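Take a look at the structures below.
Okay, so chain A shows up in both of these, paired with chain B first and chain C after.
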Partner chain A sequence: MTLTRVTPPDALRTMPESASTVANGIRAVGESVSDSQEAMASRGAPAGWKGSASDAAENQFTQISGDLDSAVAALGQAATAMDAFDDTLQKLFSRRETLVEEVSAFNRKVDAYDADVAASDQEDAEAQEALKARYAELESQVAALQGRVDSWNADQDAADAAVIRALQAVDTVAEGDKAAADPDRPDAAALADRLQDKVDAGDPEAVAAWWATLSEAQKQALMIHSPELVGNAGGIPSADRDEANRTSMLSDIDNLTEREKDGQLTDREEDRLENARDAQKTLDGYKDRINPDTGENDAFLLIFRPDAFEGDGGVAMSLGNPDTADDVTSFVPGLTSEATSLGGNMDSMERLMQLADEKNGDRSVAAITWIDYDAPSSADGMTDNPLDFLQVATQDKATDGGERFADFVTGLRASDQGSQAHFTAIGHSYGSTTVSHAATDQVLPVDDMVLIGSPGTGSADHATDLMADGNVYVGSADYDPVTLLGGPGLGALGHDPSQADFGAHRFEVDPGSYRVQDLLDNHSSYFNQDSTSLDAMADVVAGARPDEVDGRTLGSYQTLDTLATGSSLVSGGEKVWEGAEWTGDKISDGAGWAWDRAEDAGSWLNPLD
Partner chain B sequence: MGRMKVVVVVMMILSLSGCGGSDEPDARPDERAEVTRAAAAEVFPLIGKAVEALSYSSTGGGAWSICGMEPSPSGAEYVAEVAVTQTNVGSSQYPQLIESALTSAGWKVGTSSSELVKAAKDGLDLRARFGAGGINLSVTSGCLDLSKDTIRELTDKPRDDLGLSLP
Partner chain C sequence: MTGGTEVDYTILSAASSVWDGAADGLDGAWRRLHGTSGSPMDAGVAAAFGTFRERWVDEIKRIATRSQSHADSLSDAVTSYTTIDDAAYERMRALLPFDYRDSTLDPLGSPPGLVPTPEPGPPPTPPTDSAPEPPTPSPGPSPTPTPTP
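Moving on, here comes the complex of A and B:
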């Protein structure tokens, strides 16, 4: 007797990601039209222009404003329809995966049955009876399983039909007018005011609770009207923040590109456009990355403030949904970081995320790069050389950044779903000072803290000043000069957390090159592939404790002056081997020249006084 | 304190004169990128066929990413990737099917678990991370020692299209 195999469900014709992309595009257009409508509504005939022509102009403005408002209403409904379609597709996707697993397993049973039948002894009555029993059992399951597959296929057809109907309902001018006049139409401006009040009150839990009460139409209207407000508000779910921020980003790119073509961009608009394009490029770099558990795109734009910090911009992006991940980490980079630094920092986060994911079993990971503070950068005359560090060695920007970072983390805690995630804050270089200020000056709700390449911890003199339970992990390369700035007698940015008396858990870091020209690279070595520091940080993110090494004590490490002179001489020695004209005297001369230049520079660099 | 300040500046000036990076780049990134793309274009469809893929996230993409960290990356690596978004076999079968496809194509499988398969071939690394939602596939070139200017030039390039045929 031949058993029928179950036919798998059809392929999902539209992936949720595609619907989400379309919805983002609709909202972006909606935001542009909404802005134009508001501008038109507030514009009258110029003062002093009177008479019938002026009246006609006023009437025209009113007419255009009304037409634009109808378009906004229509786009709002279309975005709501696409968002609902997206939700339906996600459910269909999930159901399909379950069905495929079941169908696949069932058909394997049928294959095994067929093989056993073929190999069975026809004369063995007992074996034949057993096969008959298996046949009966399998046959009883075929119809039910195939029925569920057929039902899924029908549901997919119904979802397509529903979204087509919804979009067709707002595809004429008359339907747009009707949508605008709908008494149930959300009042986007009033909703924006209410959200702004809640954001200003600094209570992301209240924001989260209020957001949960909104209808989908209200959320979409708000995202079209004020995407920057929604996208950057702590407490709003990360998926919604991502949608709102992508809306802002696309709208900026569309509008500013047009102004760019016309040669009308101001300097600030140029910065805004550059930041928007960079964010889009970084997001596009992850368009082939899915969450392997849910199938959704794995990149979330959590902060998008392209105008912030006099054009440097503020941005935060996550790989993995921080609201649903079990282990979340947020990284604060240091000197010269600005919005356009996002891509490179995400590369480092991806490396960390993959390693942590391999260490934490079935738990999921989200890794965030947060650059929403005014890190010392080119605007301050910075290059990427720590020499500049001496010029900006104040804690002001770390203090301000610490407040912003604490707010960001608190917001994510409010939007967390399910059991509270294990959260690790990581700061590098000046970013470690910023994270330290977040912990000492604010409430920073994290479980673990990692400080790497730290020049100092602000006002914290001990690990327990940062984390009450002392869960502070420190990575400091022996030949990273920046980590020596917080040593005894120095400390313009605070205490070196790798000192033994600080009481942190110090993990092993490759010491780095001893050549003076490589010291800067040592400061940027902590995320190197296969490095001990990357492995240790992945341990912390995964909720484990890395191996510890002794903290620094006087005599156990090279101080800054010892490192500087020692590495300079070593580098000069290499020159001897590489060039016949170099002699010991030349080395001495070279060191003397450098010393002279240093003294010249020292006359105008007094940051450590 | 004065001497300390001067020493710091000595060090920094010398680091400036040394340009702070590798001395001489020894890799030819264009060739390495091409090798990586070619390997990905060969092995991704093999895995797709093994798991009866019905859709991919796209026709595949490739781009350079930094090694190390900002603001002074130590090198760059080329990453070619795509995601298999729908299949006709259950995800519980992925490890066995992926491992088998890789082995048949000459890849040496290093790690294989219920959610991850890692393999290597000709200096390239393949990573397949999967679950009920699909499969992330990537082939990476490994980090190349490059000058800072070259790293910026490569990472600024637009993403390459691997041109994979959709099932």
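Moving on, here comes the complex of A and C:
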């Protein structure tokens, strides 16, 4: 008797990422058209203009505004259809992966059965009976499995047919007019007002609950009307925030590129365009990073505020979906970080994520770079001089940034799906001061905290001031001068968390080079490939404890003045620090030491860029 | 200004900017839509999206073109009105006394200010708390010369 093999499912004809790309494009077009339509509706016919020409202009405004509204309605329906298609494709993708494995395993069993039949002794009644039993068992499975494959094929056909119908329903101007006049059309402006109220109330749980009540058409209409509001609202699912922020980003690029061609860009618009282009470049760098479970792109733009902080911009991006990941980490970089610093920091996060992924078994990981605070920059007087850490970088911006960071994490907690993820906050350099302020001044709902290259912990005197259960992990390279600014004693930005009496868990970090010319690199070495610090941070992210080393005690390490003098001497003596004075909370302006001549000033200020 | 238009230049310029901004946004939009595609994609879905895309590219492009045309018309009108008014102003200025030729037009539409401002005349009523000057006696009629005998 011959057994039938199960035919594998058809190929997935449209990849989820393809549908997602098209949906993002449609939404961006919708936002640009919607913005133009609103501009005409609100400012098109200026007050104070009277007469026949004004009447003619008013008529034109009304006519064109109506035409644009029809376009917005059609684009909204198309975006909704394509987004639904994308969701269906993700499910089909996942089901197909499972089916292909099952079919393959089943057909291997059939192959083995056939081989055994061919090799069997026809006279051996017992063996023949056993083969009959195997046949019956396999035959009972084949129909069910083939049925599931056929069902999958039919579902794919149905998904294609549904999106085709939806697109064909709005592929003429007349159909756009009809869509615009549909009484069931979502009122995007009213929805935006309601969302704004909920965001202003500062309750991301309420935002998440309200968002879940919206229809897909309402969500898409809102994303087209107010993508910046949706994209930056804590509590909204990360996948939706990503869609909204990509919508903003693409629309900004489209609109501002046209103004750039006309030579009309203002300084602020130039910043905005630069930030948008940089975000897109970073996302493009991860476009081939596809989630094997969903077929979706695995990079999520969680914050996009290209106008923030007087043009420096605010941005946050995740590798992996933080709503579904088991282990999530969010990294806050330090001085001079701005929106265009995203790419270099994401490289660091990718290294950390890969290592953590290797350590945590079947658990999934998401790694976020968060740069949505006004890190001290050149506009504040930051130069390539490390003394600026003390003289320019006060705690004000860490305080403000800490509040924003706490809000961000709280928002992510509200959109988390399934069991609550294990969350690790990481701060580097001035970012560690910012994370510290988030913990001491706000409610920062994280499980673990990592502070690396820290110049100080703000107002925290002890690890338990940051995390009640003391889960604070510290990485301080012995020859990273920035880590020596906070102790012994109290530095301008707070305590050195690697001091033993601070009570944190200090992990091993390569001490770094002792040459004065290399001290800057030591501060930027924590995420280096194969470094002990990267390994230790991956442990924390994965929910494990890294190996600990002793905290600093007086006499067990070189203080700042000793390091500066000693490293200058071993570097040939030509860069001897000339009389720097440690005054307890600042170094005198007259230090005039070798760092002023550091060749890699940019690396100092933004070492991960 | 004449011909049925009553508007300040700045208002016309603002209207031109609105149209121009809308045209920029729409130009960016149709270009984005024109370049939007997904691959791989089912042939039927791709065809349906292609039809949708090109139909709305055409429509948005049409509106963008019209918006830009209106922006340009308004901008041209501002230029024309400015030129006309400049000429009229020059003619008016030529009629003014020399001392008033530096007068400027008030953009809010009030009458032209006169520069320099003429000095005010003497107050019509003398201050009440000042004593009147004593009258100067009339010199009286000149004596008639007596004829010499």
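Quick note on the criterion: the second predicted complex is superposed on the first by the 551 of 609 C-alpha atoms of A that agree within 3 Å, B and C clash if a C-alpha of one lies under 4 Å from a C-alpha of the other, contacts with A are read in each partner's own complex, and residues count from 1 in each chain.
Basically, contacts are C-beta pairs under 8 Å (C-beta built on N, C-alpha and C of every residue); 3 or more make two chains touch, one makes a residue touch a chain.
Model, not experiment: these values are computed from the prediction.
In the superposed pair of complexes, A:A217 makes contact with neither chain B nor chain C. Between chain B and chain C, more residues of chain A are touched by B. When the two structures are aligned on the shared chain, A:M15 is found in touch with chain B and with chain C. By the touch criterion stated above, A:P333 is placed in contact with chain B alone, chain C being left untouched. Residue contacts after overlaying the shared chain place A:L451 against neither chain B nor chain C. By the document's definition of touching, of the two partners only chain B reaches A:F527; chain C does not. Judged by the touch definition given at the top, the superposed model places A:D67 against chain C, while chain B stays out of reach. Common to the chain B and chain C interfaces on chain A are residues 15, 17. For chain A in complex with chain B, the residues that touch the partner chain are 8, 11-12, 15, 17, 93-94, 96-98, 100-105, 284-285, 287-296, 333, 335-337, 341, 343-345, 347-348, 350, 354, 357-358, 362, 384-387, 390, 428, 481, 489-490, 515-521, 523-529, 560-561, 563-565, 567-568, 571, 594-595, 597-599, 601-602, 605-606, 608-609. Within the complex, the chain C residues that touch chain A are 3-8, 11-12, 14-15, 18-22, 24-33, 35-45, 48-49, 51-52, 55-56, 59-60, 63, 66-67, 70, 74, 77.
Contacts from chain A toward chain C in the complex involve residues 13-15, 17-22, 25-26, 28-29, 32-33, 35-36, 39-40, 43-54, 57, 60, 64, 67-68, 71, 74-75, 78, 82, 85, 160-161, 163-164, 167-168, 170-173, 176, 250-251, 253-259, 262, 264. Of all residues in chain B, only 1-21, 54-55, 57-58, 60-61, 63, 65-74, 81-83, 85-93, 111, 115-116, 127, 129-136, 143, 155, 159 touch chain A in the complex they form.
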